[in-house]
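Remarks on the structure that follows.
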Amino acid sequence: MAVFQSLPQAISENLHAGDSVAFEGFTHLIPHAAAHEVIRQGIGGLTLIRMTPDVIYDQLIGMGLVKKLIFSYAGNPGVGLLRRLRDAVENDWPQPLELEEHSHAAMANAYEAGAAGLPLAVFRGYKGADLAKVNPNIKSVTCPFSGEVLAAVPSLRPDVAVIHAQKASKRGDVLIEGIVGVQKEAVLAAGRAIVTVEEVVEDFAEVHPNACVLPHWTVTAIAQVPGGAHPSYAHGYYERDNQSYLAWDEIAADRERFQAWMQDNVIAATPEDFAARVAKVRAAK
Amino acid sequence: MAVFQSLPQAISENLHAGDSVAFEGFTHLIPHAAAHEVIRQGIGGLTLIRMTPDVIYDQLIGMGLVKKLIFSYAGNPGVGLLRRLRDAVENDWPQPLELEEHSHAAMANAYEAGAAGLPLAVFRGYKGADLAKVNPNIKSVTCPFSGEVLAAVPSLRPDVAVIHAQKASKRGDVLIEGIVGVQKEAVLAAGRAIVTVEEVVEDFAEVHPNACVLPHWTVTAIAQVPGGAHPSYAHGYYERDNQSYLAWDEIAADRERFQAWMQDNVIAATPEDFAARVAKVRAAK
Amino acid sequence: MTEQSFTPDEMMTIAAARALGNDDVCFVGIGAPSAACNVARLTHAPDITLIYESGTIGTAPDVLPLSIGDGILCDTAVTTVSVPEMFRYWLQGGRITIGFLGAAQLDRFGNINTTVIGDYAKPKTRLPGGGGAPEIASSCGKIFITMKQSRRGMVEKIDFVTSFGHGAGGKAREKLGLTTKGPTLLITDLAVWKTDPESGEFVVASLHPGVTREQVQETCGWPARFNESVEETPPPSDLELTTLHDLKARTAAAHGKN
Amino acid sequence: MTEQSFTPDEMMTIAAARALGNDDVCFVGIGAPSAACNVARLTHAPDITLIYESGTIGTAPDVLPLSIGDGILCDTAVTTVSVPEMFRYWLQGGRITIGFLGAAQLDRFGNINTTVIGDYAKPKTRLPGGGGAPEIASSCGKIFITMKQSRRGMVEKIDFVTSFGHGAGGKAREKLGLTTKGPTLLITDLAVWKTDPESGEFVVASLHPGVTREQVQETCGWPARFNESVEETPPPSDLELTTLHDLKARTAAAHGKN
């Protein structure tokens, strides 16, 4: 049953050092504010899971909070590589980072299987691809009807899923609209789910019957954080702040510059700062 | 690419004697008009597929057009048994009917797997259930990670899917709203898809971004048949005609009464007759 | 205590409603389960989540649907999902606390037949089949069964195991790898039966007002077991009965208007 | 023929756009593929279906997205589905006719590396990884590859097979049970290469205006093969170039306004 909390409380009560955690969002609705709160609280030893690790994972890794990453594409979308992640993988800075690498199809299927309560996902994939040679979690099953050999990966069942959504109802149902990504699957696959939202509304009476809604009893904690996806975007609220993504490439290029930026913009900041950050992209639509 | 056609043309060009065909609809949006057109054209030797065979399958079976039924629940919803189906299974009238019987979970997963281009569906099911003893298409696979033995069934890939939807755009995109059932999966799993719709609109510009839309290039033929789901219903257009379902129980109880009813209401009728049938339930909302 | 009279059917529905709590997530079938779930929602469990297999999650219908896919279920739902999603994420995902099942044939261990009377290949009566039941029986936290008692329905041995209950009793579910509880409650028009956690057998826990042990045995095809202290099912309260009557009246008015 | 000047990059984008038809369903990547697909849509293929892996189906963006999930893709899409559905029903379902891929390293058989330079366990450069590419390469009807030529990128042997092309050539795809065609076209800033259906090797089919065979070989790490009759790639038409310029100008204006 969803509880409305402050973001610091939602994180401290539900995410613990050593947890596996998926901050999901496919370019859209990336839970930046929640990730920054984790950094402020210094919750470490995390196994991070995500199809598309980008800036927030670069930040968590660069701050030394991550021991393992399960992923399928690690890049600054539309910009380039993730420099903090590279530094961890190539130079063990600030600490070594274990990688479990999949394809998007495998990760998407593995979340789906996790949501469906299955131990594995079965799909047609990895044909001729070297990932199957370096990742022991890529196996196969043989179809008893056709004889076809299909790829199998373990389902994803994170301890915690963290997402950002547009709206919660007062009862705690959560609405996601636009590019919905794998957020529903991540929440349903996880043991606990923390959701930040742009706003809390009376109810969803006017919402489309087939819209993506997570009923309140599938969510653990909800924190209202306007702008909480910035520099990602919230469909209907504010646009993607592409300049911030371009700027990140330079900030993350240098260890000291990175640390200074994190001090100013994360450690010394609060969830309430996000509202001001989206002011410039709010009217752009 | 979707072609707009009359219903007789859409059926005659795309459904052939001996085909496997799924008329889908989960209580909602059942394609009655299309099934009646098949009966008028006398297309026989069919393998019918459906999770919830109801009145239209009772009619197709009673008219001797069906050699095999793949299904998971055969009943007149909220009323009782299907009397023509019973007569075929128990008494071979008007001809024997082969059954391949599954559970809903198996059929839903098998459509999903068909839409996903897989040869099989894997799920947790049939534990301790006798169906696995009488249906050789229920097998198992063992999870290479957990060792759990899971149920496996062949995916469903009908030659033809037939559905009724609320709207088509002029370009041929198809919109389904409300209880969406397995129609999207049935269309994507099938070789050809015939869709009847309540109305044709300019475009779907105002439709919710995550609404269930089948792009025009996934649909073979579209025929506009207002009321074409009657006595099933079309969310936003007309309500379920429950009295007709209750009446069917009596009509189907007797072979001669059944035949007379089919002559009057199907053989001697046209797709255009459906509009008048929903007049009484249209304003009821 | 009520002064109103009530039928055995009404007592069955109300006894079933009482077994549901505010935090339950119920997979609802048509007929008695649907009435019971909605009476619970309209009385002591206003926040109960009702799910129909048509994909409607968190419905709150004013009137009882005739089918599991009536429009009112979607109109009042929190969200409506596809049927594959319903069976994968919601049922198999282990999110349902209580599944309600009916039965054409039932044995003392809660095994259910809704497939055939007679031989599967040459049935005497072809019934509708399992539908969602085989996986409802295995994936929901607990199973409640409602049916009217009769020797034809409550039998020593069922002709076909559509849905697995407790098999031949004892640890049968564990042996199959099932982690859910299976049938724990049988609510009939005469009594409330609870499953003995050791033997897996139904045992009469309470008799509805005015019902005798003999009536229970006469309408049951296996030797009925009774709890050491069989209680009387509390009769319907005014609120329960009025709620059920009103629900039925609204339903009749709505379904009759065509 | 145009009088306008054009860059090699623009020629690459326009040559790629020409390879697309009105009935194609394209899985679009960011960068050159996105520009090519949208130029095709805005010129000779107005009904082409563009799909981005974020779940947006049938998009028609006015400006090029910076990421594969920009809001404009959803705003202009016919429908937006979940990412699991995208990979299951739409990609694995075999509904995509053309998949566009880029490469950090590419070999003559269309095998692609976007994972690591150097050893996987101790990489010299850790690249982003495969993302959708491994299954795009196997599930789409055909694969088109676009990249700028360089000896660092077009290599004799790639360090890691992120996406399988034609393996070691010949019937390698058939042997793996793949029924799709794999890479059939490589469009670079210098030339259009087509896959030899026998050997599975890229062969230069046309050189962009002003480009010599020597330039192609100098920027290619394997011994380049040329068709018997190598043609000149027709230069961009006025319409093509204007369309591309306008698209880029709108994109710059939109992305710069923050």
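We just call them A, B, C and D in the order they show up, numbering each chain from 1.
Going forward, a residue touches a chain if its C-beta (ideal position, glycine included) is under 8 Å from a C-beta of that chain, and two chains touch if they have at least 3 such contacts.
Because the structure is a prediction, the values reported are computed rather than measured.
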Farthest from chain D by Cα centre, which chain is it? Let me know. C
Pick the pair with more C-beta contacts: B-C or B-D? B-C
Computed distance of Cα centres, chain D from chain A, in Å: 28
Please report how many Å separate the Cα centroid of chain B from that of chain D, as a whole number. 40
Quick check: how many Å separate the C-alpha centres of chain C and chain D? 57
Give the residues of chain D touching no fewer than two other chains, as numbers and ranges. 74, 80-81, 88, 92, 139
Sequence positions of chain B contacting 2 or more other chains: 112, 116-118, 123-124, 148, 178, 180, 184-185, 209-212, 235
Determine the shape of the graph in which chains are vertices and touching pairs are edges (line, ring, star, complete, other). other
Chain pairs that touch, by label, are A-B, A-C, A-D, B-C, B-D
Residues on chain A engaged by chain C in the complex (per definition of touch): 1, 112, 115-118, 173, 184-185, 188, 204, 209-213, 215, 217-218
Of chain B, residues touching chain A in the complex: 116-120, 122-124, 137, 139-146, 148, 150, 152, 154, 177-178, 180, 208-212, 235
In the complex with chain C, residue positions of chain B that touch it: 26-28, 51-52, 71-75, 77-79, 81-82, 85-86, 89-90, 101, 103-105, 108-109, 111-112, 123-131, 134, 148-149, 178-182, 184-185, 212, 233, 235, 239-243, 245, 280-281, 284
Counting only contacts in the complex, chain D reaches chain B at residues 23, 25, 49, 57-58, 74-75, 77-81, 88-89, 92-95, 139
Contact set on chain D toward chain A in their complex: 30, 53-56, 65-71, 73-74, 80-84, 86-88, 91-92, 115, 120-121, 123-135, 137-139, 160-164, 167, 172-173, 176-178, 255, 257-258
